[in-house]
Amino acid sequence: MERIGFIGLGVMGKPMARHLLAKGYTVVAYNRSRPAVDELVAAGAIGASSPADVARQATVVITMVPDTPDVEAVLVGDNGVLSTLGPGSVVIDMSSISPVATKRLAGLVAEKGSAMLDAPVSGGEIGAINATLSIMVGGDPAALARVRPVLECMGNPERIVHVGPEPGAGQICKICNQVAIGGALAGVSEAFALARKSGVDPARVRDALLGGFAASRVLEVHGERMLKRNYVPGFRSRLYQKDLRLAAEAAGASGVAMPATAVVGQMLNALIASGGAELDYSALATVLFELAGLDGDAPPAA
Amino acid sequence: MERIGFIGLGVMGKPMARHLLAKGYTVVAYNRSRPAVDELVAAGAIGASSPADVARQATVVITMVPDTPDVEAVLVGDNGVLSTLGPGSVVIDMSSISPVATKRLAGLVAEKGSAMLDAPVSGGEIGAINATLSIMVGGDPAALARVRPVLECMGNPERIVHVGPEPGAGQICKICNQVAIGGALAGVSEAFALARKSGVDPARVRDALLGGFAASRVLEVHGERMLKRNYVPGFRSRLYQKDLRLAAEAAGASGVAMPATAVVGQMLNALIASGGAELDYSALATVLFELAGLDGDAPPAA
Amino acid sequence: MERIGFIGLGVMGKPMARHLLAKGYTVVAYNRSRPAVDELVAAGAIGASSPADVARQATVVITMVPDTPDVEAVLVGDNGVLSTLGPGSVVIDMSSISPVATKRLAGLVAEKGSAMLDAPVSGGEIGAINATLSIMVGGDPAALARVRPVLECMGNPERIVHVGPEPGAGQICKICNQVAIGGALAGVSEAFALARKSGVDPARVRDALLGGFAASRVLEVHGERMLKRNYVPGFRSRLYQKDLRLAAEAAGASGVAMPATAVVGQMLNALIASGGAELDYSALATVLFELAGLDGDAPPAA
Amino acid sequence: MERIGFIGLGVMGKPMARHLLAKGYTVVAYNRSRPAVDELVAAGAIGASSPADVARQATVVITMVPDTPDVEAVLVGDNGVLSTLGPGSVVIDMSSISPVATKRLAGLVAEKGSAMLDAPVSGGEIGAINATLSIMVGGDPAALARVRPVLECMGNPERIVHVGPEPGAGQICKICNQVAIGGALAGVSEAFALARKSGVDPARVRDALLGGFAASRVLEVHGERMLKRNYVPGFRSRLYQKDLRLAAEAAGASGVAMPATAVVGQMLNALIASGGAELDYSALATVLFELAGLDGDAPPAA
């Protein structure tokens, strides 16, 4: 049985690591701040003192940290995973980071005789807690086959998708997910702003639209949030801002024009400027409401 | 039983009028060009020589014409419906036109002692042929109750939605529908452009996304069209351009900012500039593909 | 000497017509509301009872009215100019209207054996009062040569530009003017928003930028307005909205993508939604300031 | 007399350092690749083996390197400037980099008892060669007063502007410059696209516009390039892309919505995707020309 190293025990990482313990895996855990490690040790994990210390004891190393520089630090920084990683291991980066950086890191892992998979997730805190995450995987299919049982402890088995063999394919897919959501979110927000400003009940509009080509999970779920002004996250705006920044970087790096997404990103900046960083990202609608001269104030998130 | 006047026997109007005949209604039909009238007369309708001639013989007058000036001409132009419309009638405009113009026209109909409903549809040619249209209705609920059986001959009874009592509410709802679709369409197009340019298979991306928050009818239906490069309409780009023009007009008239929709509208202009006016509107993706330096050429529609 | 018909005695038209009187021209004046006509008659003009009445008495007919339907009404409506216009006349439309409509109207004027020039202006009320307008002329160069002395009474002789022989070329040029201004206005507004939000004095930024490639009349004039929060028009936002609507229509009609202009148009909608319709269009900056969470409130115009 | 350390002898840095030598300054030079150092040593400079080696021998250290990570590496990396910088020195970063990173680095320099100025430039290669750069300076005014004679060797004395005392104010100003240019560039490009598609000569439009509110250096200089299809840089698109990336980062970091700039950035991505990375950034117009179905192909830069 694989010995799992787990680096990054935040809001997402902690419940994910617990699922691995619950399924009987040995988990060697590390986190920058110590209390999260202690908590996991109390639940049965082995505590580690550094990423290097994790890699020394594990055959599969999972990283779940906030952003590109964090993954870089954990893998190739001082006392990083690569300083001790044995050959024949698998590194699974489940963070959402730059696909360009992923490619570079995957190359460095390959030089150590190991494989790296990028495996970002969607589904949020609730998906992490319920082990129902969607997992979008890029990299060597054989490596994925080897660690699939591990991933199935954390995500919905039917929604662990091998996007492509190229390193970074998972990250690209995650970005595509956020881009597709962004377009839908803007469309629904602008539609509701127009309805409200025209004296038409957006709830009726939502009902009318749900049966046709405008139907979407966003209209259903986030549209309902907009109607109820319920912006308790869910998925925080500042995290979505990060994802759209990754999208903008990828678009710039590879030469893709994403004008609608770019506009969504700017509206999100406005949401955050108005104090909405910790609100659910569906609060994007409040920006459009305010631009229309409607009462757009989002309530504070709980 | 109501006597139905039907003005506008185009791609949509003709099958709609036929459904009314099939259900046993008397239909008095008019169209600017004569052959369409003759065809309907052969099917059992009474031919009329002008909109005024229609209104003289009908208790319910349906208009199904291309654009705002056409409805204006038919209702208030020379030999228009309002010149002969008796009191106690109902005018149902099923065209997709300006909500501002609708308000004005509804006022003029009211001065005649009759009611006007705006009842634009979605579902396209196929919906018209199969009598499965969605119908978004604005105006007096009593008038709707009266003509609901008539509408049910042409649309899906469960998807005849009373959006609001204000004249134009149906038109606003139709615009909201197109706006919500536009955002989704742009999101999916930009996502696929990024995937392709990054060497990732957009079909895999679509699969991965369909289970999560990015799921939408657009991702499902139009996303598949993009993958198969099947841009045989469906719904023609030039008609969608018209609808986005109505959206822009409504946004300007009522003071709503729709920046994402505005960007979608400009990409659509580019699609039409490249010869795509008669292609399905999902061909919007080809504009993004070309901007990314990918092979974006849409095949000619059949 | 030409006998000048002048239709449309508003904020712009009245001083323009007075300049013609001052240079000794016979002016036959018409306006929808009578007092403006009386005022001009008191200044030496001949009053007319309709556009037809104007055209009957004039060799050159100038129209200066708000929008496309107004020009259409004045020329081809009941008692319109075309009902009495003699052959060998020149119609000069100095309104800012749709280039597509202009083309159509020029054709109708040509059928009467006369010429139509489109000759929209820039320079605003002050330019009209000081006879320093810029005039952008489309149409037959011989007709322009004939009426140039007339135009020189109202505009800066060096800035009466023959844009092209095609009807509508002047209107296109006017739209281009507003589009170029819109881009510059958005650029300066966004730059100032960033500076302010970053704690940097936008006045210093303006100084630094005026010497380089970012230098523009907009940075100079409208940038200063933004710094002083002086939004007394100048050029009113609602008129600029009209011009951007014409731009959007032209873009749609001819198949041109104008994504930056489209975004500017939406920000302008937001300005108007916040009560800024009568403010100078440089108040566009207040929308960006508000989106950045800065104090963006524009003072009421005097 | 100050002893000047100069790090970064690229297209810009080399002529700038030569100007300092020409004015009699001692220059200690370092560049990552050695030949550039040798060249400068031949011209009278002292060669250094690392940034630390530079700082050991200089009282004023100038950095002129491509991007944020490069400045970070040079200042705080291994053998970086900060490892040997004496107290009472001045570091002048003339690169165009992130204002957020600048703030952090200025703090680290202050901890060494020295001052850091951010002093990005505009004016390009030609400005560097002719010592006519504009220099936008952020930071301590006393430090600026001290090094002003140094800066005056490289830039136009009248265009060395102290933007503000906060670290990063110069970088913000540089970004504002690029943002203002971007808006103007998009406006002119879209105007020319509309003119061309409408059959109107954009050269005439440019002439007509240069006298009014649409007048700008961009219309004059870059507008002429667009007319002549002369996209030999000038300022390369890929460098402008970098600057707009910095703008997007700053907007995200500080909470500012820049929708027009965001759209410009995406059009620039498209230009680069079509092979235009080394073309002058005025080639942005070719993207709009292509979107309009016009011949938009930019010629290869010399």
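Going in written order, the chains are labelled A, B, C and D, and every chain counts its residues from 1.
Operating definition for what follows: a residue touches a chain if its C-beta (ideal position, glycine included) is under 8 Å from a C-beta of that chain, and two chains touch if they have at least 3 such contacts.
Nothing here was measured: the structure is a model prediction, and the numbers come from that model.
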item: Contact-richer chain pair [B-C vs C-D]; value: C-D
item: Counterpart interface for B-D, drawn from A-B, A-D or A-C and sharing over half of its contact pairs; value: A-C
item: Between subunit B and subunit C, centroid-to-centroid distance (C-alpha), Å; value: 35
item: Centre-to-centre distance between subunit C and subunit A (centres being mean Cα positions), rounded to whole Å; value: 51
item: CA centroid of subunit C to CA centroid of subunit D, Å; value: 38
item: Two or more partner chains touched - positions in subunit C; value: 197, 251, 255-259, 263, 266-267, 269-270, 273, 291-293
item: Subunit A-facing residues of subunit C, complex; value: 197, 259, 263, 266, 269-270, 273-275, 287, 290-293
item: Subunit A residues within the subunit D interface of the complex; value: 241, 245, 248-249, 251-252, 255-259, 262-263, 265-267, 269-270, 272-273
item: Of all residues in subunit C, those that touch subunit D in their complex; value: 99, 122-123, 134, 136, 138, 156, 158-159, 161-164, 166, 168-169, 172-173, 175-188, 190-195, 197-201, 204-205, 207-209, 211-219, 221-222, 247, 250-251, 254-261, 263-264, 266-267, 288, 291-293
